[in-house]
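Next up, some structures in structure tokens.
Next come two complexes built around chain A: one with chain B, the other with chain C.
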Partner chain A sequence: MAASIARDRWQPSAALAGPASLFLIGFFVGPLLLGVGVSLGVRHTSASATNLGIALYVRILTDIYYLEVMLATLLLALAVTAATLVVGYPLALAVSRARGATRTFLLFLIVAPLLVNVVVRSFGWMVVFGRSGLVNAALGLVGLPMIDILHSWLAVGIALVHVLLPFMVLSIASTLEGIDMTYEEAAATLGARPWRQFLHVVLPMSLHGAVTGCLLVFALCMGSFVTVMMMGDNRTMVLSLLVYQQLTVVSDWPFAAALGMVLLAMVMAIFWLQARIVRALAP
Partner chain B sequence: MTSISRRSLVGFALAVLASSGLMCDARAQDKIVVTASGGVWLESAKANFVSCFKERTGRDPEILVSASNDIMSRLRASPGNPPIHVAVLSEIDAIRAGREGLLDKLDPAKAPNLKDVPEIFRKQWDGYATIQNFGAMIVMVNGEAVKDPPADWKTLIDQVIAGRFGKRVSFPALTMPWGPMFTWFLTTLYDGNEDIVFQKYKAMLPNMAKYWVSPVEALNMFAAKEIDVLVYWDGRAYSFAEENKWARAYIPEPGAFQSAAMLVKPRGAPDLAWQYIDCVLSPKAQLGHAQMIKYPIVNSTVTYPDELKRILTPLAKVRQPDFGLILERQAAWLDRWNREVR
Partner chain C sequence: MNWQRRRRLVAVGYVGVAAVFILAPLLVVAAVAFTSANFVSFPPTGWSLRWINKVLADDNFMRALANSVLLGFSAALFAALLATPAALALARGGFRGAAELESFLLSPLSLPALILAIALLFYLARLGLAGSFAGLLIGHAIIVLPYMLRTVLAVYRGIDPSLEEAALVLGATPRRAFLHVTLPLIRPGIVAGALLAFLVSFDEVAVALLLSSSSSMTLPVAILNHVTHNYDPAVAAISLVKIVLVVAVLGILELWFGLDRIMLTREAR
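Moving on to the complex of A and B:
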């Protein structure tokens, strides 16, 4: 009797976890399995139907072109993550120490890129980097020669750092805000100068926020293709753009799915490696 | 302590699902969803097609602004029970959708205006689609910087390679939706030799500001005078040149390839969809559409006014791509494009 009553009762913990689990199974695990199935299934062309098996994966992993693109994708994501960390950390420190209107203003500045559509944002960068854009106009004013950085890896990198910066800054700032100021005061009392206080107290205690920020920025960067397409040119190829091309130009779903799975595997591998490194470095 | 029984929760959820399902079904029966491109295309759809449909049926269709590849994904997700009832697709997607069984054959008995659409505008699609309007990719130049633009495509390409225009040129990339059709057109200029076309693509690269992937991006580059030579659609190019006296649009010899918007009825769409299709192809709506978007239309009974005739690319100057060949070759072309043109 008691057991039956308990069964009919609302179980808050299970009920709360249920929707999220169902959502993940339905909208993440499900499509993922579907993607794997499509990449291993049958490819239909106007002339024939071919059983693919692992053929597409073999093609991707043995073709020097795709290996080059994978390397370029990885290097771009690592470079953008590193640049975002370097630019974002001081900004996060400033946000965490600011109060009142200054803090609100800083937060708005940081989040602003996310409020603008990716295509519009890319056009904005074109206005800045174009031949008659702001950068070249400024260079011209001081008598320096024009530079041509639009449609290059550098332009892609700058645009990605700009849009992904909020994820890094907000991750680090939230950790920094959780650090008890008395630790720094204790270090100061013991004679540590501000730089040493930062290096030995603040930095180690904010590492988790930095790691979270790096993971977010890296994962988002690995999947970015609109910015790469708009700011880059024929030389700036990344894996996610190849996926987009296969879907929109030739409608080759199996190959697009296989490329997508390789991209996912790369991200998971980096996450695993990062987790190992963080664990090894932890005191 | 308040508690909710599992049975009552499930009952509530089922009731919500059932009522929303009934509402969706009711909605589906008295409303059709049609697609249009954005901007002036959407305005034209409202002014010409929707007004005709409303006049005939007393109903307002829901207009969805969507791109061809997005529409294809939606049709593939619900074959036989489409969320879109009349769609505008790209030429290649219309062929794919027909072959994949996603479309109904267009029936002149249900959309009588189809009889006035010449066969050339339907033949390659096996009756699953008809061209609604078409255009051509032509050349737009900055008349202040380029006084005597090349009269034919091959000379233009050779002059780009030779650096006559500096790095101030933009051609469409093979990776934009009509890129394979442009590549097909270039092969026709070089006796069907793909190797020469890819050599030319590669040779032009150092003097190419960018092979454009987005039409908006291309026009912005030209409008900002970042480039002096742009290969672009005729209607938009003529409109731009009309508003900006420094710009000039022309058709290099021996003409241009046909770039079309394909009208289709997804399989399982309600009969009401025939009325919309018939409206789109009606003489009045077709003429109104041509006047608004400045592209040629397909109803053979329409006579263009002189001011429109002057700027529309004549059919004789337009080559319809061989879509069978493009479908067969485009994966290989994309691969060559990615590997060689960089």
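Moving on to the complex of A and C:
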């Protein structure tokens, strides 16, 4: 009898996950390991680049230019993450509270830009900020002088907030959706004002989604180079764009790989730091 | 009551401002696409379809569009074939290491695409696949696999296992139970995941930029190349064509499945 019960249980074999796992081992883990190897100059085809050891990493971490680019990358990612959180949280709240047609409209508003290419959106911002663009047309209407904010950190930052906002809103809205409305009702019944209900009930319960959103936006921001390439210039250099330039303009593969690994290490360091903080705050 | 109304007003006002911020660059692109001028300016000085007609007749853009569509379909299909069986095993398996395996299969999500792109560039060059469509397909399959897996997993986990058990108890072979019970139940997840995978691939630029050659170039790469060399309304026109295509797919997604079911599953692992 026991045997027949066991047979009647639905138990797909773990082997079904085999093809996907093998594919990722072969074409995801393999290339990443090779990338580490290339950054160390191991088995690189050009004779001069055999076995560089950690020389490239030493070069990156002792050159003031690369350190400045790393700092700028970090500050930009932190600023964009903070701005996205501030702009995105109320939107997520609105999505989670809305019903019916309003909800569909809000979701469409948030999701549609996500699926409009980052190149197209950056081009849109180029037109908005450009010399004969929307901002300057509006300034002209009220008689103010033209400004040139394209090719500045501000323009890069605004465009990045626009590009990454959907990820923040969706992460926060996902947790807000899961919050049982009865908690708020209970707080209201017990006499809490709406503002206190939000501060003491909703906000703490949605922190998880906010943290997830911040990490996602931060990681994506660290890796964004297309927007920076289109909106910025030589003064607004970030690590990811430097990697891309080393690869395509300079064709220095080992150095590009080493810079890429430094970028990856910075992203992972933030994830690690976040895990430490969460563990420290947990009761 | 007064407080409620004021709060509502603030909410509507905020969403309005946010909507302007979110839609402004997209609407600007749409407007510039219909300009009659030779240069990019906003607001446009006159209206015409000349730039739309020009890009629709442009071999370069149209080949890139065909490449993008083909790549999106292939990547979605490939990812569906890998992710669907994996989702079956992970959702019902309960074997040792299932949670770790799931994290591993979802891990391409948390790696910056640029890092994946350079690593694959080195790797594919060694395999002699640099610049080929196959190389591009491998890159995009890696990127869309987690989206596919997550969507199928979310749908499958919402289905009561007793339905499959009932089929087995009633004498169905596992094969018949899968074909007649499981597969029809998870089909919405597979279709939604594949559409999402298509859209992600259709939009992806970092991997496509580094791995494609002039013959396998995708639409986002063609647009980027064009905008770095000439800043003219053709970019807006081809962008608008792309936006219309994406919105159409998104509309289908909403009609068939509901956007919130697909987009708000990030935490539903």
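In the analysis below, the second predicted complex is superposed on the first by the 247 of 283 C-alpha atoms of A that agree within 3 Å, B and C clash if a C-alpha of one lies under 4 Å from a C-alpha of the other, contacts with A are read in each partner's own complex, and residues count from 1 in each chain.
Convention: a residue touches a chain if its C-beta (ideal position, glycine included) is under 8 Å from a C-beta of that chain, and two chains touch if they have at least 3 such contacts.
Here the structure is a predicted model, which means the values were calculated and not measured.
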- Task: Return fit or clash for chain B versus chain C, each positioned on chain A through the superposition.
- Result: clash
- Task: Using the superposition on chain A described above, determine whether A:Val128 touches chain B (first), chain C (second), both, or neither.
- Result: second
- Message: In the superposed model, which partner reaches more residues of chain A, chain B or chain C?
- Response: C
- Query: Taking the superposition as given, does A:His151 touch the first partner, chain B, the second, chain C, both, or neither?
  - Reply: first
- Query: Of the two partner chains, chain B (first) and chain C (second), which one does A:Trp272 touch, if any: first, second, both, or neither?
  - Reply: neither
- Does the superposition put A:Arg235 against chain B (first), chain C (second), both, or neither? first
- Task: State whether A:Leu247 touches chain B only (first), chain C only (second), both chains, or neither.
- Result: both
- Query: Which holds for A:Ala94: it touches chain B only (first), chain C only (second), both, or neither?
  - Reply: second
- Item | Contacts of A:Val119 with chain B and chain C, given as first, second, both or neither | both
- Item | Colliding region between chain B and chain C, picked from 4-12, 22-30, 112-120 or 220-228 after the shared-chain fit | 220-228
- Message: After overlaying the two complexes on chain A, where does the chain B footprint on chain A coincide with the chain C footprint?
- Response: 7-10, 119, 123, 126-127, 130, 132, 229-230, 247-248
- Message: Help me check something: in the complex, which residues belonging to chain A touch chain B?
- Response: 7-10, 46-47, 65, 119, 123, 126-127, 130-132, 148, 151, 229-230, 233-235, 237, 242, 245-252
- Message: Which residues of chain A touch chain C once you look at their complex with the stated criterion?
- Response: 7-17, 19-21, 23-24, 27-28, 30-32, 34-35, 38, 87, 90-91, 94, 103-104, 106-113, 115-121, 123-128, 130, 132-134, 137, 159, 162, 165, 170-171, 173-175, 177-178, 194, 208-209, 212, 219-220, 222-223, 225-226, 229-230, 240, 243-244, 247-248, 253, 256-257, 260, 263-264, 267, 271
- Task: Would you mind writing out the residues of chain B in touch with chain A in their complex?
- Result: 3-7, 9, 69, 72, 92-93, 96, 99, 167, 173-175, 177, 179-180, 205, 209-211, 213-214, 216-217, 220-221, 224-226, 324, 327-328, 330-331, 334, 337-339, 341-342
- Can you check the complex and tell me which residues of chain C touch chain A? 3, 7, 11, 14-15, 18-19, 21-26, 28-29, 32, 39-43, 81-83, 85-86, 88-90, 92-93, 95, 98, 101, 104-105, 107-108, 110-116, 118-124, 126, 138, 141-142, 145, 149, 161, 164-165, 168-169, 174, 177, 199, 203, 205-206, 209-210, 219-220, 223-224, 227-228, 231, 235-236, 239, 242-243, 246-247, 249-250, 254, 259-260, 263-268
